[in-house]
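Each remark here refers to the structure printed beneath this line.
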Amino acid sequence: MNHWIIAPILLPAIMAPILLMSARYDIVLARVFSLASTVALLGIALALGSMVGDGQILSYALGNWVAPFGIVLVADRLSVMMLVLTALLALAVLFFAIDGGDRDGRHFHALYQFQLMGINGAFLTGDFFNLFVFFEVLLIASYGLMVHGGGPARVKAGVQYVVINLVGSTLFLIAVGMIYSVAGTLNMADLALKVPQVAAADQALLQAGALLLLLVFCIKAALVPVHFWLPGTYANAPAPVAALFAIMTKVGAYCVIRLYVLAFGEEAGAAAWLAAPWLLPAALVTLTLGMIGVLAARRLGQLASFAVIGSMGMLLTGIALFTPQALSAALYYLLHSTLAGAVLFLIADLIARRRPGIDDQLSPAPRFAQQSLLAAAFFVAAIAATGMPPLSGFVGKLLILDAARDNLQATTIWALVLGTSLLAIIGFGRAGSTLFWKSTAQPGNFPAPATGNALALVAIGLLLAGNVALTLFAGPLTAYLEATAQQVFATHRYIEAVLGNTVLPGGLL
Amino acid sequence: MAHPSAPRPTLLRRWFPHPLLSLTLTLIWLLLINGVSVGGLLVGLTLGIAIPRLTGGFWPDRPGIRNYRRIFSYLLLVMWDIAVANLQVARIILFRPLASLHTRWVCVPLALTSPEGIAVFAGTITMTPGTVSCDLAADGKSLLVHCLDAPDPEAAVRDMKERYESRLLEIFP
Amino acid sequence: MAWFNELLVSALIVIGASFALVGSWGLVRLPDLMSRLHAPTKATTLGVGGALVASMVYFLAGNGTLSVHELLITLFLFLTAPLTAHFLAKAWMHSQRPGDLPQPAQRGWSTFDAGEAEREAASDQPRPPPLSDACGSSASPPPASPSSP
Amino acid sequence: MIEYAIHYAYVAISLGLLFNLWRLFAGPSTTDRVLAVDTMVINVIALIIVYGIQTGSTMYFEAALLLAMFGFVSTVAYCKFILRGNIIE
Amino acid sequence: MSLALIVILPFLGAALPALLIRAGRNACTTGTLATSLLAFLLLLTHAPAVFRGEVLQARWEWIPQLGLNVNFFLDGLGFFFAGLILGIGLLIIVYARFYLSKEDPMGSFYSYLLLFQGAMVGVVLSDNILLLVIFWELTSLSSFLLIGYWKHLPAGRQGARMALTVTGAGGLAMIAGMLILGNIAGSYDLSTILQHKEAIQASPLYLPALLLILAGCFTKSAQFPFHFWLPHAMAAPTPVSAYLHSATMVKAGLFLMARLWPVLAGTDEWFYLVASTGLVTMLIGAWIALFKDDLKGLLAYSTVSHLGLVTFLLGLGSPLAAVAAVFHILNHATFKAALFMNAGIVDHETGTRDIRQLGGLMTLMPIAGTLATIAAASMAGLPLLNGFLSKEMMLEQAALTSWLGLPWLVPLLATLAATFSVAYSFRYIVHVYFGKPAGETPRHPHDPPFGMWGPPALLVVLVVLIGLFPASVAGPLVATVAGAVIGGPLPDYHLAIWHGLTPALGMSAIAVASGLLLLAGYARLRGLWSAGPHPEAKAVFDASVGAAVRLAQALTHGLHNGSLQRHLAFAIGSAVVVGFTAFAMASHAPGARPLLPATPVAIVAWLLLLGATGALLALHRRRLLSLVVVGVIGMVVSLAFVYLSAPDLALTQISVEVVTVILMLLALNFLPKETPLESSCGRRLRDGLLAALAGIGVGGAAWAMTTRDAATLSGYYLEESVPGGGGTNVVNVILVDFRGFDTFGEIIVLGIAALTIYALLDGATRGAVGRRLAAWAPDQARAADRHPLLLVVATRVMLPLALLVGAFIFLRGHNVPGGGFIAGLVVAIALIMQYMASGHGWAAVRMKVDYHALIGIGVLTAAATGVVAWLADHPFLTSAFGHFHLPLVGEFELASAMAFDTGVFLTVVGAVMLALANLSRIGVLADAPPPQDGPMEPDLSAPRHGDH
Amino acid sequence: MEFLLSSAIGLLTAAGVYLVLRARTWPVVLGLALLSYATNLFLFATGRLVLNQPPVISASAAGYTDPLPQALVLTAIVISFGMTAVIVVMALRSFFENGSDHVDGKAEDAA
């Protein structure tokens, strides 16, 4: 029995209460525990990666109850990739947090571990009600982290964030109910088997449910017109939290990939490729609005938020094409945009801390400490985020453009992808020159901060290095992602891994 | 809270600080599980011992009961009165013209001093004919009672004191 | 089930339900809150009581088991009904401030007494004392607490 | 016979509930409305007990038990709120 | 390998100057120079092979899936451009050493310069068009840094942004073009693409690809109408202008047109697009240059004009024109770089570049003056200098060109452009170096050090040598390069000073003559220019970017106004649209399940719900009442659960309801007691409509669902519950066993909720919020007694009873309704009643339990129960149960699920108590005097009194 | 019965949505509470409506309703309870921080 699959969920779930009980009053101990746990998570994720690297799909029947009756965890290339990404991001962000931000309020590290537990659970579960539970775990932890440290704007944004997500959770349950009421299962693999058999009379309920569920995932993925929560949330969250949230939008994207290829894909009969006609236009509008927002931003945090929205549009454009090639491209973009999005928030925070009173506003101000260093970091991050060569954003953009070639909407997609890149270039160019160049022309200096934020800079460096690594190893990586995408589309393999051979009807293999 | 100079409580006393409560809880447990078995009794006893110990702090100075037998007779009396009260009030609600009611407040001076005693008295008043105990004086020495129909307030007060308080005084210290 | 039992159960049910109805009707008919307070606290209590006794008899006669849940429910209702009436009355007195209350011998009714003093204190000095009470470092019970008669 | 009694009880208690609803609407004071809800809870307890008799099932008693145990908590909390604003001091 | 090294060296070397600058400016320069020189020498080692006509290649796989590989190749064209880039680069590096002042950060300058150099070499050596695009964009980025090098100058910042925007946009278009081109050719490798002329030109995608690629070329090479960025880029230090904006980067577009010439040129589309653009650019550039008073501005527009010239030649599509183009690229690089450096010298020496302030410098700076005169004469196209030769070739080609059937148009315009060219060239000489000094210049000029005039002198020597001996000096190079451009046999041509009396010579003569005339009448001409309209490109650009930004801001901030109501309306509206549309688009038939009759009790419950909901909507602004009414709804829902065979749900709902009410009341204490009426009528109507639609949708779905037969898994659970799960209450067995993992997540949600609440409340006691809280005063009259005696007594009596009931509900849960969660709530409510009756302080000291620890222990207990299964090599949460027999006690059951449920119980108690106790603590603090924290915030990591 | 339940779910949803769209945190929280009632009933109804057949195994039972939706609803109730608690406290904190309980944190009008 391979128990490794549950480790990414269980480890933080155990670490958090331990933090709660033993390290509540000792910040050093809490940091050590939290860091150790996150490093271990990375190790576990990598170990799982080597286990599923050969194309094997591992499943883990919790409580030893056979699927579809019990809950299963499923580790395939896709989910493990997400685990690795989460752990990497979490580790880098944790460095940033323990630079001091974790002391602004209570229970940062416990909430952080719970947050990781929720995210990992969402990536691993093979049951869509259990997915709801993990959504709630990751959401409620994110509520706590979001308002960490408090402050009027932050708490206000927190209220909005919570309310919109509670409405989302409501919708989630309604959608789950509608699907369960006609498909009679909660297991995703089993759902894939049941959906083609759903009677014509029941199709309306099924499809309405499935599309409402899609909407829920789109709320998480910040797709227009349900993206409104993101700018306020990300721009007001504590920097490490906003950076960690870069993976949260990807949870929504992951769910779209998982469920709408597996259960509403090729084999789904009347419900085949249900998501595509809705997703693509929404994704393109998201891309456009996001990058317009980049151009319009008045603060660096706001700019980063809209960049995240834009990148989600790009990512979901890739997903919405629903081909293995496009998925592989989208996955590359997913990796890239997570790291690139996260680092922007961290940079914005360091800048804001160095310009008291002006913070991260995109308006000229005197020079500040470590300006050149931060300028260099911003320059690299901006290159990545705008998709300029040579960094991963460019590679991702090329991959998506290449994959969109055969789509009927290819011209529109190309025009928007490239056109919005220009908006991003202008927006980032304006921001950078205002923050780093104009400041040189201003008289005076800001006082240097008390610390050099060495750990925070390490975090930024790690994330940027991640982007560079994505670029350098783009070849082997795309090969892996291609295999990943193929695996996602080979739904019978997943079904077989979860339900075993016996359940499969003859025609499916 | 033990007084510093108080002698060390005996073993029995420590394990059964409130034997009556322990016994009651064990009994209720047996009734709850709807059957008498050794296992059930063991669980009941465990709870009967554990719960009073756990909750001891929340009920400091539990009153000693002077006379257990009186409780039973008092309960019977109250039950009877409740039945009567219901009929009387039902009649008022259904048939009496509202204008003919002698609705009024009365002040009942209290002879009871123990909080538990006062509480039981006040509760009894509320549960029985046409009266609701509404407030206690700040010094705990009077009870404000609202009467739905009391043509003679003094008689009402006298009635309450004689019928219930005098009996309660025999039960509570 | 013996017809007698049936009759008993039926009668109890009917009596209980009738009292429940009468109590609720009283809530509608009686003219002011203090009068209305008399209706449900009694009639409904017997209403539920009737149903409970009916239930006890029914299950005792049907299954031969004495169901204690009904007793517990009764116990809780009897423990709490005076309490809710008491609090409703206090709340009403607090918000309506009836002028026709008899006054007790020394101190006023606890809803009002010290209330004036406390309100005055509050208007002069908006922070009445004890943090100690808040954090429990002094375990002094509330003034009217039975633990310190 | 019991069946008839039960039907009578349903009708009577339901009517009672509707009276309570009327009081909930009519008020006039908040206390009146709290009283209406408190009475509703008691009527519902009765309803559940009668339902238990009708179905011959003891499965539902705990619901009545919890209502009896905790129904008053809300009422007291509302009153405490009216009295002091702060329900836990 | 060494091929790649030529590209990589500048990139690697870019780190050097940044490091060496600590060792001094000379060390910095030397390091940079060495890097560049090494690359240049490496390139030269390949010269023999290239001149033999060999094509060298180096290939590495990078992203084979995409066809993006690190492939380089070196042929004549690449060699020529690489040589130009590296060679002129060397001169620029030397020049910059003397040009930059002490205040300028030289390290970063050289770093940027080397980055640019690497990118540029990458462009010209790439054998993969995607790789080429990468280097192409890198030139944009590095030039952004170089143009903005003087950060304190607004012109520099704006120029940099403008250049980045225009060339970036072109680059984006080019990406698309390259992707199309590669797709047509079946490969992104240039060497392959160049083999597919027919396929490419026959493809329906030829025109889009051409347009997109040309967009990249034209923007980069500052062709009309994208020419405007170049003069503004002149805000850069002069070495940058000389290097990027005359010698190299702006020629990248020309390079690419030349590179793709074999497969793209020769069509009508190519001719009309490229030749016309080139011609117009040549003309307009020259005309504007004539009126620029800034030396660098003049040279910038002159560059635009010359770039147009080359573009025009390439656009003609004939091999001879291509040869001319190559030759002119070479010539222009020499004289223009020399002139830029000269302009820099003038600026450096006099302190100004404004022609109107200059004059008569020849006597003061004879060396610089001589060099400038020769270079400018070459630019004017005077014989014996190299500029003359290639301009003659151009005029000759122009003379042969007919445009839309008009044979005279192109020659005329070409001559006109040449005329302007002569005029501005002479203006550079005459108005700067000859005549009278216009006045005092900011600095007193003299000839610069050798380091500054040496590099231009070297170039001027080339200008003369090529001019005199074109065939021997430039011949082989031009032949090799042109061969690479044409990609086939070279046409018959001669590089010579004298070709006889050709039409071109005549046109040239006319140009020189009329050019001199124009200069003579410059003052009047100037008046003519001033009178005409001058669309200032910068203003237009700024206005359009400004408009775009304002539009973006209007859209973004108008749309994202931070209003939750709007967010929600969009979200709910989307759900309504998606739900109804999806339902309508799919097939549906009414269900056939027999309906349950509606009993009177159900109808009354329904009426109660209706009434309560109505009352809620009517009373919702009175907050206490609204809470009371919601309680009624909750009660009806509980009742429905009882009635519809869900006792566990009823129990849960009832207990949750109580806790929620307490929680809400604790919060309401501080909040306003009334909700103001602030929505407009229209808003309420809109919301009402949305609400109605949502209600109809969800209600309709419920109807559709409940009226059809169910597909369900329940059979398995009902069968397996007793034998497999050891319990008869199937719901509980699902919760703690079949789907125990959900429950594990659920208690963690509760735990997190409590932690979050704790953190939120703890934070509310500190800082500004804490002070506000301490200053809080109740907004209502308060009754006198805090702890009414009756409540105190009743709750004390109830506590043991409630705990007993809690234990009962907990223990029976596996078999009949109940379980850890409900038991936890029962216990928590019983405890909270103590807080309510006797006060926070009184109860808190008596609760000896740390609620945080309770949550922790609860979660760990549940987890431990799950982990124990590993010992038997079963998955997490695998349950075990057994029936045991003890003497006296008899048969009893023990199930691991009980341990799990204990975890649930502990977590629930801990979470509810932590939340409520701390919420009530806030109330206590608010009633207390403000804490005397002083200016310092208390240490957060220290344990504080009273937090459980 | 199905109609009663469906219409009740619809009504609760509608009222919930209307309240959620109000401008103050208090009605929003109440709206969320109504929505969670509606959702719980909806999810519960996926098991279809069955009278007096609770999913407790016993020899005398005539049949059982679908236990799975009940378990799901239980989970949902608990989770939404936790969520309600958080949003209430967060709304309170926001009120403390912003001096207003407007969902957008707007300062109280002078009026």
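Chains here go by letter, A, B, C, D, E and F, matching the order in which they are written, and residues are numbered from 1 within each.
The rule is simple: contacts are C-beta pairs under 8 Å (C-beta built on N, C-alpha and C of every residue); 3 or more make two chains touch, one makes a residue touch a chain.
As the structure is a prediction and not an experimental result, all values here were calculated from the model.
The minimum number of touch steps linking subunit A to subunit E comes to 1. Contacts with subunit B and subunit F are shared by E. Relative to subunit E, the most remote chain by averaged C-alpha coordinates is B. Taking the mean of each chain's C-alpha atoms, the chain closest to the overall C-alpha centroid is A. Set side by side, the interfaces C-E and A-F show unequal numbers of C-beta pairs in contact, with more at C-E.
In whole angstrom, the spacing between the mean C-alpha positions of subunit B and subunit C is 13. Our note on geometry: subunit A versus subunit D, Cα centroid distance of 48 Å, whole angstroms. In terms of their C-alpha centroids, the spacing between subunit E and subunit F amounts to 40 Å. Between the Cα centres of subunit A and subunit C there is a gap of 54 Å.
Multi-chain contact residues, meaning those touching two or more other chains, occur in subunit E at positions 562, 564, 568, 572, 599, 627, 643, 647, 668, 698, 701, 705, 710, 712-713, 717, 738-739, 742, 746, 749, 752-753, 756, 760, 763-764, 769, 778, 782-794, 796-798, 801, 805, 816-817, 838-840, 843, 924, 927. Counting partner chains per residue, subunit A has residues 129, 133, 136, 140, 143-144, 147, 150, 155, 159-160, 163, 167, 174, 177-178, 181, 186 touching two or more of them. The set of subunit C residues that touch two or more partner chains comprises 23, 25, 37, 45, 67, 69, 72, 76, 79-83, 86-87, 90, 94, 110-111, 113-114, 141, 144-146. Contact between chains, using the touch rule, shows up for A-E, A-F, B-C, B-E, C-D, C-E, D-E, D-F, E-F.
Within the complex, the subunit E residues that touch subunit B are 784-785, 788-790, 792-794, 796-797, 799-801, 803-805, 807-808, 811-812, 834, 838, 843, 846, 848, 886, 888-890, 892.
Every residue of subunit F that touches subunit D in the complex is listed here, in rising order: 52, 54, 56.
On subunit C, the positions that touch subunit D within their shared complex are 3, 6-7, 9-11, 13-14, 16-18, 20-21, 23-25, 27-28, 33, 36-37, 40, 44-45, 47-48, 51-52, 54-55, 58-59, 62, 67, 69-70, 72-73, 76-77, 80-81, 83-84, 87-88, 90-92, 94-96, 111. Looking at the complex, you find that subunit E touches subunit F at residues 562-565, 568-569, 572, 593, 595-599, 602-603, 605-606, 609-610, 613, 616-617, 620-621, 623, 626-627, 630, 633-634, 637, 640-641, 643-649, 652-653, 656, 659-660, 663-664, 667-668, 670-672, 675-676, 678-679, 687-688, 690-692, 694-703, 705-707, 709-710, 712-714, 717-718, 721-722, 728-731, 734-735, 738-739, 742-743, 746-747, 749-750, 752-754, 756-757, 760-761, 763-764, 769, 772-773, 815-817, 821, 911, 915, 919, 922. By the touch rule above, subunit D contacts subunit E in their complex via residues 10-11, 14, 17-18, 21, 24-25, 30, 33-34, 37, 40-41, 44, 47-48, 51, 59-60, 62-63, 65-67, 69-70, 73-74, 76-78, 80-89.
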